[in-house]
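In the two complexes below, subunit A is the common chain; its partner is subunit B in one and subunit C in the other.
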Partner chain A sequence: MAQIFHPSTNTFSKVSIFGAVFLVGGLLWGLAVVNRSGYATQAGVAREQPVPFSHRHHSGELGLDCRYCHTSVEDSSSANIPPTQTCINCHAQIWADSPTLEPVRASYRSGESIQWVKVHDLPDFVYFDHSIHINKGIGCASCHGRVDEMNLVRQVSTLQMEWCVDCHRNPAAHVRPKEEVFNMSWFTQDQEALGARLVDEYHIESRDDCSVCHR
Partner chain B sequence: MNRLVPYIVVVLLVAVSACRQDMHDQDKYEALEKNEFFDDQRASRPRLPGTVARGHLQADDALYRGEVDGALVAQVPLAIDRALLARGRERFDIYCSPCHDRVGTGNGMIVQRGYKQPASLHDPRLRALPDGYFFQAITNGFGVMPSYAGQVPARDRWAIVAYIRALQLSQSAALAELDAADVDRLQRAGETQ
Partner chain C sequence: MADKKPTKGSKQKGAPVSAGAGSRSLSSHLPPVVEPGYTMATVADKISEVVLTQNTPRGWYIGLAFSFALTMLLLVSITWLLVRGVGIWGINVPVAWAFAIINFVWWIGIGHAGTLISAILLLLRQDWRTSINRFAEAMTLFAVACAGLYPLLHMGRPWLAYWLFPYPNTMGMWPQFRSPLVWDVFAVTTYLLVSLMFWYIGLIPDLATLRDRSPSRTGRIVYGLLAMGWRGSARHWHRYEMTYLLLAGLSTPLVVSVHTIVSFDFAVAQVPGWHATVFPPYFVAGAVYAGFAMVVILAIPLRRFYGLQDFVTMRHLDHMARIMLATGLFVAYGYMIETFMAWYSGSVYESSLMNNRFTGPYAILYWSLLLFNVLIPQGLWFARVRSSTTALFMIAISVSIGMWLERFIIVVVSLHRDFLPSSWGMYYPTFWDWSMYLGSIGLFFSLLFLFLRFLPMISIFEMRTLLPESEVKEDLG
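This part shows the complex of A and B:
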């Protein structure tokens, strides 16, 4: 019986077996990339909000401290989203007729909450606490990026377990002096030396037991 | 039949992977989440009028209201030390400086953008008033200025008052009251300007 394939196709089949390894490898790599990308984690996606509240305006340009609105970030697990009263503190007089601010005034009159769209949302099986991070010298910008330059807040980190654990294993690469936690533009040339010193000074432990975050 | 098993397993795995949202969004409520059960849809419940949370009874009139038997408290009812002043400075800069500015003259950023200008905290009238007056202005609001009681707890309000006193002193201290090192620092600061 005559051979169906000419001997020269041997090379072809060898190459394709060899290539399959790369194909599978490439696919796995692709999956890993997609899994960490903004498509899967929603990082980088700005949400529509009921009022186009701008952090760039209020924090960046007017210089309001984060704690003016996020009042509980230093001593509680949740940072707190400000009640309508906080907006009215200023907007009773400033831009008091602006149509953009009508939902804020409507909420103030009726007592109903403004329903902000949550941007960062960990799964409910993960325990997270702002206060310990703030009190051990991790800046808002280390996790949330330059919020003071964002018109609408978007997530800059993946919020995946890998991301949390990377820092928990090596906090020295991220820790900063406690006074600078709320300073969005803080930067040091010599993180290595500073980090090592602060980890000692603040008694920071490297915590990657599962029960720290899954309890 | 046996050849179908791998396919069935794959299909089941895909189906199972879709279940993960149950654990992601559990039947518990996180802070400020929406809860359809209540009319106002707030999972974080506002305090009912006339109730006091355990351990949060605010019986101390001086500390929580700044007045005793109708008379304003003359002096901050906490031990005044460096830590309290530092705390007061930090809180003043966060909550008050947007309008009153960092030294208290009333030219803060929000005033520059059109908010009513408050009196300078160094006004002789204000310098002569008792500590309780400032505490009550923060607690109850003053004129168009709203109450800051929701953002600043009582002890921090007193820390701010202590710091305002320090600010007032700083803006009108006589040169003769300073020690030599401070005079020296002041002169050098003047030269570099």
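This part shows the complex of A and C:
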């Protein structure tokens, strides 16, 4: 009876058994990476808007306070997308004839809202509340990044549950003095000591049970 | 060179297989494990012929066609389940666990006989296990496959089943390790993997025999790949023996642990009828009971159909009947203690549960359970019953039904009336409940028929060690 398999099959089979471990391990690792990448989470993707509104210009260069537009961020779950009237407060006189702003004026004339594109869109089964975060000393920039440096806003965080829960389990790593919440460029060298002190002072509980966010 | 004289050549090295020689003299008063008149070559001929023949028996086609039709019913049911959700079953609050969990426990239990036969009886050097271990192990695998379907489908979103495993996920969460449902995942996965390895490693020398005997080139290549280069050298046999023994050691605790953990799914909860300390041993005994019943159900038609009465002898059936009798008594003791504790605890909930079992809307099922699982199997005390294949077959069927009813009583009857009368309800199975159940039986038998056709259902090389020929070699050595 002739040999069925060439002798090289021995090497091949040994390598494939050994290699399978690395192949499976590598695939799983790759999946974990892709899952957390901007490809899956849309982090880092700047969104086109109906009007090319620049946060960098308004917040960074002109120095408008976040709350000038996002009026309800301190008392409501939603930060509030400003109505067209807020734009017109200034743009009735500044750039009043600019063709770029024609959609804003059209919206003001007709009373139809501008359809802004939502950048930070949490799943519907998550009940997120801006006010509690603001009032316990979590800065806007902690989640939204340096919006004052972005022309078109993009998501900087993954918005994955892992990311939420990281902070909920250890708020001290991110909490800041309440008066610095709206300061986009605030930074401290000693977050550890400050965080521990503020968590105590603001009575921040590390809450990571399901019903905090899923009701 | 070595693989040119496979059947005899490989066997001479195979002599160290220990399962047989020693205990045979002790049990000489019993009927033999192999009928006399066989040689090394004729054993291999007889068993491998079933696989290597060109003429597949017509009965095999009929059996497979029937089981395959039922498997299609399973596929239809699963598809409809995925389209519509678990609402197509009769489950609702308060009975949110019903057929899916009953069938899961039933199938997992059936698998236990295979592991017990292959691991514990090997370590105890029970040579009679040799003729039944291969197909009992296959039975275990197929039963675990059927069992595994149910919890996955019961989840509602089976495509997220991987959430059950602890891995660094994007939710920053681990499974709830305090829940026995998570232990179940580990227990069943381990069970499946170890059983699969045990079965496959036991097959390797036989796959090599098939490779060497196969008349077709395709057969030689396929069996050759599966045999992983087995040549039957002394080194191969040495490593094989070591691996097999280690795996037997690894499987032994699984016989006890898997069904213990399945019982924790219930016993850790506070529902009357579940919260009992007797559950783990009672479940394990029930599993072995149901498992041996299934082995008997399979062995009796198989040995007749394939003419294997010389290998699976009346002695095997007798031993299995005795094990069924013993484990059946454990189970009966479990029923007794449950009833006793309901009274002795003084808990109004426990005693009203018992009352509900005896006289409630499902009482007929409880009395049938006692009939099928306790009363009818008492026939096994009599040697005349144990030596009648018809009677044994009927009793095994009765036990299978009884064990299914037991799980129905535990799951449904406990849930449908718990602490608050305002939340009481009834459970009635729907068409899709039944179709899933029948479908999984179809899947089980389809896999079994394919196994019978393509792999040796009895271990060829281990059977040879039971022959008088193999004993001579020890003198030579």
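Assorted remarks:
Everything below uses one rule, namely that the second predicted complex is superposed on the first by the 211 of 215 C-alpha atoms of A that agree within 3 Å, B and C clash if a C-alpha of one lies under 4 Å from a C-alpha of the other, contacts with A are read in each partner's own complex, and residues count from 1 in each chain.
Basically, contacts are C-beta pairs under 8 Å (C-beta built on N, C-alpha and C of every residue); 3 or more make two chains touch, one makes a residue touch a chain.
On a predicted model such as this, the values are computed, not experimentally measured, just so you know.
Between subunit B and subunit C, B contacts the larger number of subunit A residues. Look at A:Asn35: by the touch rule set out above, it reaches subunit C but stays clear of subunit B. Applying the stated contact rule after C-alpha superposition, one finds that A:Val45 touches neither subunit B nor subunit C.
In the superposition on chain A, A:Gln93 contacts subunit B only, with no contact to subunit C. Once the two complexes are laid over each other on the shared chain, residue contacts for A:Pro83 go to subunit B alone; subunit C is not touched. By the touch criterion defined above, A:Thr158 reaches subunit C but does not reach subunit B.
Of the two partner chains placed by superposition, only subunit B is touched by A:Tyr68; subunit C is not. Interface of subunit A with subunit B (complex): residues 62-65, 67-68, 71, 77-78, 80-81, 83, 85-86, 88-90, 92-94, 111-113, 115, 123-125.
Residues of subunit B touching subunit A in their complex: 23-26, 28, 30-32, 34, 40-42, 93-95, 98, 109-110, 113-116, 144, 146, 150-151.
Listing the residues of subunit C that touch subunit A in their complex gives 3-4, 167-173, 211-212, 217, 220-221, 224, 228-229. Of all residues in subunit A, those touching subunit C in their complex are 1, 4-5, 9-10, 13, 28, 32, 35-36, 158, 160-166.
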